[in-house]
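Order of writing sets the labels: A, B, C and D. Residues in every chain begin at 1.
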Amino acid sequence: MQKSYLMAPGPTPVPEQVALRMAAPAIHHRTPQFSRLFRETHEGLKYLLQTENDVLMLASSGSGAMEGAVVNAMSSSEKAIVINGGKFGERWGKICEAYGLEVLWLNYPWGAPADPAQVEELLLQHENVGAVFVQACDTASTVAHPVACLGKLVQKHPRTLLVVDGITAVGAADIAMDRDGIDMLLVGSQKALMLPPGLACVGVSTKAWEKISQSDMPRFYFDFQKERKALAKDTTAYTPAASLITGLHEVLAMIRQEGLAHLHKRTELLARAARAGLQALGLELLAPAAPAASCSGARLPESLDGKALVRYLRDTMGVTVAGGQDHLEGKIIRINHMGYVDSFDIVTALAALEMALHRFGQPVKLGQGVAAAQEILLERYPS
Amino acid sequence: MQKSYLMAPGPTPVPEQVALRMAAPAIHHRTPQFSRLFRETHEGLKYLLQTENDVLMLASSGSGAMEGAVVNAMSSSEKAIVINGGKFGERWGKICEAYGLEVLWLNYPWGAPADPAQVEELLLQHENVGAVFVQACDTASTVAHPVACLGKLVQKHPRTLLVVDGITAVGAADIAMDRDGIDMLLVGSQKALMLPPGLACVGVSTKAWEKISQSDMPRFYFDFQKERKALAKDTTAYTPAASLITGLHEVLAMIRQEGLAHLHKRTELLARAARAGLQALGLELLAPAAPAASCSGARLPESLDGKALVRYLRDTMGVTVAGGQDHLEGKIIRINHMGYVDSFDIVTALAALEMALHRFGQPVKLGQGVAAAQEILLERYPS
Amino acid sequence: MQKSYLMAPGPTPVPEQVALRMAAPAIHHRTPQFSRLFRETHEGLKYLLQTENDVLMLASSGSGAMEGAVVNAMSSSEKAIVINGGKFGERWGKICEAYGLEVLWLNYPWGAPADPAQVEELLLQHENVGAVFVQACDTASTVAHPVACLGKLVQKHPRTLLVVDGITAVGAADIAMDRDGIDMLLVGSQKALMLPPGLACVGVSTKAWEKISQSDMPRFYFDFQKERKALAKDTTAYTPAASLITGLHEVLAMIRQEGLAHLHKRTELLARAARAGLQALGLELLAPAAPAASCSGARLPESLDGKALVRYLRDTMGVTVAGGQDHLEGKIIRINHMGYVDSFDIVTALAALEMALHRFGQPVKLGQGVAAAQEILLERYPS
Amino acid sequence: MQKSYLMAPGPTPVPEQVALRMAAPAIHHRTPQFSRLFRETHEGLKYLLQTENDVLMLASSGSGAMEGAVVNAMSSSEKAIVINGGKFGERWGKICEAYGLEVLWLNYPWGAPADPAQVEELLLQHENVGAVFVQACDTASTVAHPVACLGKLVQKHPRTLLVVDGITAVGAADIAMDRDGIDMLLVGSQKALMLPPGLACVGVSTKAWEKISQSDMPRFYFDFQKERKALAKDTTAYTPAASLITGLHEVLAMIRQEGLAHLHKRTELLARAARAGLQALGLELLAPAAPAASCSGARLPESLDGKALVRYLRDTMGVTVAGGQDHLEGKIIRINHMGYVDSFDIVTALAALEMALHRFGQPVKLGQGVAAAQEILLERYPS
């Protein structure tokens, strides 16, 4: 027997009570009973996104919602500014190009946050920028982009939206749609929402609705206006991912009970502990300047076969963390601290990493990463 | 306390063992462990669709897969023949039009099956028909269209695909993709697959792949070629609906254990019993010429408030059936017999209907519909 | 695939929400968290038994609680009056004899209720009767004994207790411990409490506590005084059946929500419907004079192999009912209507029985039993 | 939100797959379907107890099985040797006395193993010793008694049985009923069997059956001969704890898959790691001479309020460990390593303990206990 510990930045562990809630017999999704649950879930989403805007619920994974954002926010003659500092930043651009849109790329090394000044410059250079697309956190590089700063900039441009992929950020970091000037804010079920994948949510601002009404892009399944009409009747345009919405209802109740402020503080504490542990093991952080609250990445020693290390942790030790993608494949390790995670999950990930590094011949002192994390985690437990 | 009985044609009841399987801790979807489950699920889908073709798994509800079929099967200069004999037939046309395609509509009264001769005529009249779009069963009208006949016709046209929405048919009726000459065959999780909604599968023929490679339609999330590449590596292009795929793995094991032939025979028996019961109550079938195996519809007496009847059955009696949509709203009742349904669910639906009709002042003889159904259900239980 | 329908008088179906509640991670049973749940469960039991007395929770099946009742209620020099009108009545006597007690047997044909006059006579004839042991309902014979009458009688005898096995009665029939003069009242988890077996509860009156304190019988695991001390501290003397107590907490919340009066009325309605259905099929009730609210029994035609019929119902049709025990083996059928059961479960049981009788060559008219039941079940659904 | 980590020596965590298995709809326990499951479970128990003997399954907690052992093994004229080195040793004697048996007490300080020479001496001094009662491990003192040595001794005495409470030992340590000369071996569900409490199993040797047949003790619910007869028909004498037996079936499949040798080795490794961690924190082991494989105990610094520490760990940190009982209350801490436990549970318990000790003003170096444990746990993960 070997126990499994899931510590990758999505999918994250589903709380037992949520998993069991979703296992209960379904309510038909076209009934007043489901409508009530749907309405309450919508209210909970507005609390989570800190917004008075509509928040749509789409039966798709996050990439589907990203496509939805593009084909609703943009018109065919507009240009898109895409902040690309990781695999998911790149995806924004690919979607735009698939739909024939001109992309103004702002590329950053993975791990470096976007520079708002460069965005401002582009906005001044180019007329007809339909939207700025960015990640609040790019999962692939564990960097947090300065979303609130971008919000301030973009708000000055009446024809330009700020579209934020908050899939690996909302529910971990303090991102407030209304306060921060975000026009579309995306959330995915399998991250801080502690659910299986297959549900994506998009908050849409008044400014965005105005633009959507003028958009000439082709769309059907991800037609936000049709969803908005359905939302007003407490339902969805097409068959909803009903079991995930039921789970989300439970998750949002848990989040409300904890309170957003506490949730953000707890996640930040776990993040600091994870980073302290990684650094105490002599590893260099992937995004030292702007590390995400949701997950931490660290570079592995050059001599190490990082893919083998991640495989060893998962298959021999039972601890699933993430490695790197694309050009970082085999070179980094990524650890989750959003969602259904607490102090001793961080301790577990670090203890396992120490032991695995030791097995891979690295001169690591057992307990050293753990101790550095414990030092910080103590803050969670007052005398 | 009141027990709930779910008898609508989607969502259908999820077997307890499947619901519990999905409640188990998740396997990360980017691991060899999940890949094995994914591969086995794919094999099971090929068994279910009776095909050697690839079967893609999309994180969306059925309408998303319909859009996917359109934007992959068609090119912008092509025309679409759409068989419209119900709400879902109409949806094929709406999607095509949303993407700027010219639609050749073949409209039928709800409940009437398509006439292959008319399709043939259109195919001869029009060059450049990219695809014929049809439902194997239109849930809204409970009619079964002659898919195999259409297959024979369309196969003669090398540039035309037969695209079949089998969402409310595959797993209920005997639809064999390869034998019947279907180029794209769609399945949805919440019908005969006995799962919650949020997963759609699409079988794609060699002829279809050839056409897809030449398609110039815009697409990203529903890019079948990208999915095909991922499928070859036992994964999906974007984050999969992992919990539903896990459930599907269990469902397909159940289906294999029963055997397709038995499954189709059992469903047909339940369908005949349901129809006999409805008719014994003096109700007229909605699709008498070509009734679906998956669900049965019957017209309610004109004098009756059908919406109130459906509400009474659900809210007062605990039995959820479906009413009518669009112009049939309040005029019909629809009962499910696909998926996790057995003899006594049909008995339950009919007994409840008898009692509700009685309460609504109809001159129904209690037990009469049940008896007619029992007569047929006896075949299921040999001496 | 074949669906299973559980219609035997124990174990009865566990509601999904209860089963899922018990599947959640356990709380350690020696913590304040569990103590709170335990205390609330105890309050719920007092509501269910309609008593101000202590209600003990024992980790055992009902027979263990019966032994507990005997070794606590009696002293070695006392005699026991045992009302034996079924398998479980007989068990009271066997337990007493195993512990060397003299038994005054009052035997009744299975299905006949006890005659209070005979009990009174015995009480007058014999000094030193420690207790009268009776079933509120004997599951084996589906008879209800006149517990309230016996309570009135026994109350006049200061040294005699009325010990009632309410395992197949409490939660189905209106049995009020305090009002009816019951000194020990036993409940079992797998009957009207809708739980798996393994938990038994015993209400104990003040009069009983007095007698227990003087009892000289050997006991350890079923030492009620030790349990009472533990109960005062919101716990049990030995490790409790914690998962079942957790489930009971949920069940009692469901029962409170429905309300006892409604629960009893609903069960009585289902009972009347079941009896009407059985009689409409030409079957003779097993306990016509005093039928139980919890389950109904009927004699099968002499010519019929009743064991084969029950087997056929279960293995071929998926409907589990109970046959007869001891001398009634193969001669009767018993159907449950307590616990998580509603109208259409009765319909299912009767429809299946009709079809099975037909298959066994009986001249039954399909739908006839169902119609008789429906007639009564209509009362549950007002216009 | 706070996650809970259960690390007390019973109840231990239930594996998710086992909890979900028990949540599935029940099979009636008097059917061939359940009999098959029961028979396979019995085979699995024989594998676990390493015996060819019958293993009875009782619906009770461990104390009920202890009473059962006493009233079946003994006759009223016989004496009992009771090895009392902890709370549960004492319980053997209390049960014997409750049934009027003469007890020859062999008392040991909590934590000290029994001395076989003293047992031998008593056996030579006294004729008519019916049985020697001992714990394989006394949970209260975390000591392992020399069961195999006692087996050798007792085997020489044809009228004396060795009765071993293996509740906190079987499934953790290598106890082989047949090899070690044990006549009755008790197991409880909520320890190494990873189940909720409420099921106890007792292996019974041929020598024991012979004695049982001559026993004159009163008994009914715990009548082993009646259970043996039922076991031969793949059932139990009284209603079984069916959900727990279903869970046990799953657990035994897991154990078989791992293999007993690996299971014992893994548990021993976790035990060594836990002890190394406790000692590295400067704590003195409770049973240094003969520590149990199942759980470890350590004395807390005299100055420390141990009850407050355990409460802090549980209520503030979410980590449930056990404190001391009776005269050790507030003075020790006990950590579990049997059942569904793996390396990082030990790490978690130790990391939490370090932090709690720090918060209670102890001069502990964070990470030190963890490091000592990691050093040993590395053995589990080969290069």
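Methods note: a residue touches a chain if its C-beta (ideal position, glycine included) is under 8 Å from a C-beta of that chain, and two chains touch if they have at least 3 such contacts.
Here the structure is a predicted model, which is why all the values come from computation and not from measurement.
Looking at which of A-D and C-D shares more C-beta pairs in contact, the answer is the pair C-D. By residue number, the contact pairs of A-B overlap by more than half with those of exactly one pair in C-D, A-C or B-D, and this pair is C-D.
Each chain gets a centre from the mean of its Cα atoms; for chain A and chain C, those two points are 54 Å apart. The centroid of the Cα atoms in chain A and the matching centroid in chain D are 46 Å apart.
Remark: chain C and chain D have CA centroids separated by 34 Å (rounded to whole angstrom).
Residue numbers of chain A whose C-beta contacts span two or more other chains: 16, 20, 23-25.
Partner chain A is touched in their complex by these residues of chain C: 16-17, 20-21, 23-25. Taken together, the chain D residues at the contact with chain C in this complex read 4, 6, 8, 10-11, 13-14, 19-20, 22-26, 28-29, 31, 59-64, 66-67, 94-95, 98-100, 188, 190, 196-199, 218-223, 238-244, 314, 320. On chain C, the positions that touch chain B within their shared complex are 1-3, 5, 16, 23, 254, 257-258, 263, 266, 312, 316-319, 340-345, 347-348, 351-352, 354-356, 358-359, 365-368, 370-371, 374-375, 377-378, 381-383.
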